[in-house]
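What follows is a group of structures, each given as structure tokens.
Each of the next two complexes has subunit A plus one other chain: subunit B in the first, subunit C in the second.
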Partner chain A sequence: MTALLHWLTFLLSIIFIPVLTLGTIRKTKARLQNRIGPPICQPIYDLVKLARKGETISSTMSGLFRLSSLFVFADILVLAWLTPWLCFKPWAPHSNIFMVVYLFAFARMFTLLGSLDSGSAFGAFSASREATLSLLVEPAVLLALVALGIFFGSSDLRVIFSHTTNQTFIGSAIWIAAGLAIFFSSLVELSRMPVDDPTTHLELTMIHEAMILEASGRNLALIEFAHALKMSIFFGLASQCFLRAFPQFSTFNVYSQSGLNIVGILGLALFVGLLESLIVKLQWRKVPEFIAYILSLSLIASLAAIGAGVIK
Partner chain B sequence: MMVTATEICVLTAALLACLIVGSLHLKVNLWLYALSTLFIALATAAAALEHSETGLIVIAILIALLKSIAIPKFFSWAIDKLHVYRDLGAIIAPPLAMHAAILLFALSFILTKEIPSPAGPGYGWFGAAGGISLVFTGLLLMLTRRLAISQIFGFLVIENGIYVFALTQTKGMPLMVEMGILLDVLVGVMVSGLLLFKIQKSFEHIDVGQLTQLKEP
Partner chain C sequence: MATFEILAVLLGFLALALFLGHRKHLKPAIPASLTFLASLTAMASLILTWGHNFHWQTQAPFLLGVFPLTFEVDGLTRLYLLLLSTLICAVSVFSPGYISHIAAKTHAGQYWFCFWLFIVSMYAVVSSADAITFLVVWELMSLASIALVATDHSHQSVQKSAFIYLGATRVASAFLAGGFLWMHSVTGSWSFHDWRFDVESTYIPAFLILIGFCIKSGIWPFHIWLPYAHPSAPASVSAIMSGFMIKVSVYALIRILVFGALNSLWIIAIAFALAVISTFWGVLFALVQNDLKKLLAYSSIENIGLVVMAIALSLYARAHSLPTIADLAIIAAVFHSWNHGLLKCLLFLSTGAVDAQAHTRDLRSLGGLAKRMPWTMAFFFTGSFAICSIPPLNGFSSKWLLYESFFQNILLSPTAIEKGLSLAVICLLSAVGALAIAVFVKAMGVGFLGVARSKTAQRAQEAGLGVLVAQAALVILCVASGANSEFVSRLIAQSLTSSGLKVSYTISNGLPTGTVAILLSILAASIYVIFLKTSKVTRYRTWDCGFGSLTEKTQVSADSFAQPLARIFRPFLRYQNSAKFEGADRRHFPEEVTVETQIISILEKRVYLPALALFGGLAKLLSRLQAGSIHLYLLYVCATLCLLLILGMTL
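Let's turn to the complex of A and B:
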């Protein structure tokens, strides 16, 4: 019975948390621009509208284009099941760090293939940019997760994210550094503000938006939803890192832990909204510098984890 | 293992100094230097509370006023006067140099583990590591940068490192010694600032890479 309840809450949170995250970002941005903005659950109406619309497909496309968005959606769903981005989870098998990181890469590969298959100039253009970005940001994400893995002596993300710090200063420092690294690299992975403007109207400056330019109807709905779900997975991981930096967090029961976790995700979304309204997009050639700072955060985390192991 | 407030402040200062290496913008470098020095002043204040030494409080206030406000203000004025806002480029790419600085930060923990502290074994390890790491960062800054003004930043960071090492290994230097050092630093900065203007006037640039031969312009 409890297992069924777990599955039910998990399914509900998979549907609603991404929508709420996206809605919060949009609402924050709208309020900061003195607009009232769409209601917070507007993304779900958009998805329903898109799902009921017809689809236009260019005659040069092969079947890969439609298949790719399905693959991305399925892959992100599997990731949502495997990664411990929420405190409450139904049963799931071992979720290895490397498998999780490369399942994200797998989803990206299909996005790239889809955009190349669409045959538009912008698709290839942005695919190349996305590939460059992912190449640069991959070591940062991997190192941050591996730092946590070294510190807790496990390569299973579930084991790592059920621990808390053992009340030491260095443990909290590693959690915070890894959380910051995951959060900032998620901004690159999801092509959000300092790297890419998600609301831009100019195809030449787009990264993620140009890749899905050719998608429409149900296809677009799948891609949009997968993107939002990926965002909440990343924010969930980051917010858990920040919460677990406090030694008291492990003493709470599961309900308050999950509540704090969801509040953390929405808080990060609020912060992203603030960030997107207050700062400008980085020049393309400045982006590697930004990623270098993220990588140095993960380097600090992993070196501290190795150091903590040596001291023990 | 317990980490004292002094050590947390010192380690934060060392990390902020590592970030200086990652940017070529001189104003960003100055801001990071000021923040790092502010943390060193905080570390001094925390050490004053730990050892209950009133002299250290005076030094903390002096450091905060002189090194984290006055010197950055002076340099930001100098940058505006010289119209040089960016370093011309480093010998190692700045992001890689920053990663090297962080690796050196880790190395300094290994190097300082065996340093015998007067206050007993295991005492002041993190503080010493922070100090040595600041010296490394300053050296890296001096070695990789091309502008004369960045060399001065490197020198200032090294000076911070030596001060931190003395602060964490002893129970604070005597007030007179510290005030003398602060005065020396202030004079050194003023003299080097004047030199900057002289170099700019005679050679029309402040690139030390081109200062290998001295000749009449």
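Let's turn to the complex of A and C:
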């Protein structure tokens, strides 16, 4: 019975947390622009509307295009089940750091292929940009997770994110550094400011939005939802990193942990909304520099973890 | 029993080869089906005798001088022989549909003769148990493969490739012969079993052997022959060459150096450094290639680098008594060479199918094959996903073992330097992984998707049944060994143990690749049926900003897709991109736009060509001795005689 309840809550959070995250970002931006903005649940209405529409796809496209969004969606769902982005979850197998990173790569590869299928240069050049960014950001994400893995002596994310003995100062520092690295890399991975502006609608400079330019209807609904879910996964991991930096966090019971975690995710969404209102998009050539900072953050975290291990 | 069967099969091959070798025209179905049957028999006998080791040596009349030829089949050998048999099965099913494409340019009898010689010698190399036997069959393998590379020798480029490859194999054999002779003088034995590399006197031969195998497997900086040889050879040959022949060197490295417990830190460090550079170098140069086969060849360099990296890590860990890491790394090495064998064979076969149908392998004139060759596309895509180590396919399983062994090395190794180094390698591996994704997305996206960039690509049709079946079989194997990675890892550990190297697979909670595979397919299928299938689809043209219809020229090109990445790595690639705009009002309405991309191979230009020039100069100096004058020669004879007499008197 409890197992069933767990599954049910998990399903509900998979559906609603992404929607709320996206809604929070939009609402924050709207409020900062002195607009009332759409209701916070607007993304779900958008998805329903998209699901009721028909699809228009390019006559150049092969069957791959529709399959690609399907696989991206399925893959992100599997990831949502494998990664401990929520403090509670139903039974899941061993969630290995490297596997998680490469499952994200799976989704990325299908997105890239989908954008190349139409023969449109918009999609293709954004794919090229995405491939470039992913080269730079993938080591950063991996190293941030590896830093935590080294500190806790395991490559299983579930072991890392359910650790209870974390009382040292250096432990907190590593959690925070890793959390920052994951959060900032997520901005790159999810094509948000300052790397890419998801609301410009200028195909020549966009990354993610230009890749999905040809998608419409249900296809687009799948992609949009997968993207929002991916955002929640990243924010969930990052917010847990920040929360676990406080030694008291691990002593709370699972309900307050989950509550704090969700508040953390929405807090990060609020922060992203703030960021997108206040700063401008980086010039394309400056982006590698930005990612280099993230990478050095992860490197510092990993080296600190190694150092902590040596001292121990 | 098995040895007898294998022998019978091999002799049968030879007899057939001699019988059919002189025919210029040959129905490819006959030799191909014979090859298929033979490799199937070999596979069956290998599986039926699972767990038994065999030792066999030639009897009195069939000696090599005074030495018997010695062969041995044990666990490790069996794994590699099974891979070879699998690949040959696939290639022989593939061949009839493909050979017709190159039939006009080749001498069928010669082709099959060399092909069989190549196969037989590869079986023999892997199962040879002493150095003399090894060298003999190794040479046979090299020469046969050179002849196969030169199949289409009417082209000058093919001649050049064959010569470069010939040179590489000569140098490799020289290093190996030197190392083997030296080892014999140290240990007094030719048998690999007696060779131990744990004393200082054996370090130099170990180094020579390492370099010899590095040359043959295409490790940086000896890799330059690979991107020449693979594009020149027919697809069926390059599939075997890249799929198996370069793994023969890996196998030999494991058999000789790992089983011989090499413990010189310097040699291990050199092997490791070369492997690390190869992985990076290979994938970086693959990124800027436009010939599909060249791209695959560079990707082979990357993957062989990964395997050698695992071997080096295993040697290091064993020398420092960290058995868990040593075991993980050696399993990773064997598993990855297996996986890469399957994958590369698959990718080369798909490329061959494209080449045969679209008459080009150049990404600049491909495109739009998705609708015309959907099956080939599906197979090529699966192979590409696997080689980018995307779970749940097999490429990931072995790369994960490698990652995991470096991760364990961070946790367990005693000093901070090694921990830091392992961290750096993990970072590099993930960057290489991301680059590989860019490489293969370029190959897939530009090669198969979009609109056809040339007339020939437009007329392409789906390949024949045999060609597709061969690829499908390999795809199934890739998926199966990926989903059952745990099982395969245990199998490899068991085989290594039965060959005499104690290896145990100690990971308690392994990869859930099987679960992920099942879950992914169930989710995708159900969402498709529930959600996507019922959706109403309208076809319309691609979004063009309202400027009118898009042509094949307005698509992304292979060069432009890779350009942002190539720019980042300009210093390594020597990447130059120049654009010229001509015309009266050239800023807004250029009449002619020329864009040129150039990549210079520094290694070839700065190292190999000068070295060759030096050699040529020396040879010219020496050739003065051979003046063609009988008087001079008589003088040489006289001088030699005198010298010998004086030597004889003084000694």
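Simple rule for what comes next: the second predicted complex is superposed on the first by the 310 of 312 C-alpha atoms of A that agree within 3 Å, B and C clash if a C-alpha of one lies under 4 Å from a C-alpha of the other, contacts with A are read in each partner's own complex, and residues count from 1 in each chain.
Just so we're on the same page, contacts are C-beta pairs under 8 Å (C-beta built on N, C-alpha and C of every residue); 3 or more make two chains touch, one makes a residue touch a chain.
Everything quoted here is computed from the prediction, not taken from an experiment.
Shared-chain residue A:93: touches subunit C; no touch with subunit B. In the superposed pair of complexes, A:289 makes contact with subunit B only, with no contact to subunit C.
When the shared chain is aligned, subunit C comes close enough to touch A:70, but subunit B does not. Legend: residue contacts after superposition of the two complexes on their common chain; A:303 is shown touching both subunit B and subunit C. By the touch criterion defined above, A:275 reaches neither subunit B nor subunit C. By the document's definition of touching, of the two partners only subunit C reaches A:121; subunit B does not.
In the superposition on chain A, A:168 makes contact with subunit B only, not with subunit C.
For subunit A, the partner that touches more of its residues is C, with subunit B and subunit C as the two candidates. The intersection of subunit A residues touching subunit B with those touching subunit C, taken from the two complexes, comprises 288, 299, 303, 306-307. Against subunit A, the residues of subunit B that register as touching in their complex are 1, 3, 8, 15, 18-19, 22-23, 94-96, 98-99, 102-103, 105-106, 109. Considering their complex, residues 51, 54-60, 62-64, 66-67, 70-71, 73-75, 77-78, 81-82, 93-94, 96-99, 101-103, 105-106, 108-109, 112-113, 116-122, 124-125, 127-129, 131-132, 134-136, 138-139, 142-143, 146, 149-150, 153, 155-156, 203, 213-214, 217-219, 222, 288, 299, 302-303, 306-307, 309-310 of subunit A touch subunit C. By the touch criterion stated above, subunit C contacts subunit A in their complex at residues 367-368, 370-371, 374, 377, 381, 385, 388-391, 396, 399-400, 403-404, 407, 410-411, 416, 419-420, 423, 426-428, 430-431, 433-435, 437-438, 441, 444-446, 449-451, 509-513, 515-516, 519-520, 523-524, 527-528, 531-532, 535-545, 550, 552, 554-556, 560-565, 568.
For subunit A in complex with subunit B, the touching residues are 168-170, 288-289, 292-293, 295-296, 299-300, 303, 306-307, 311.
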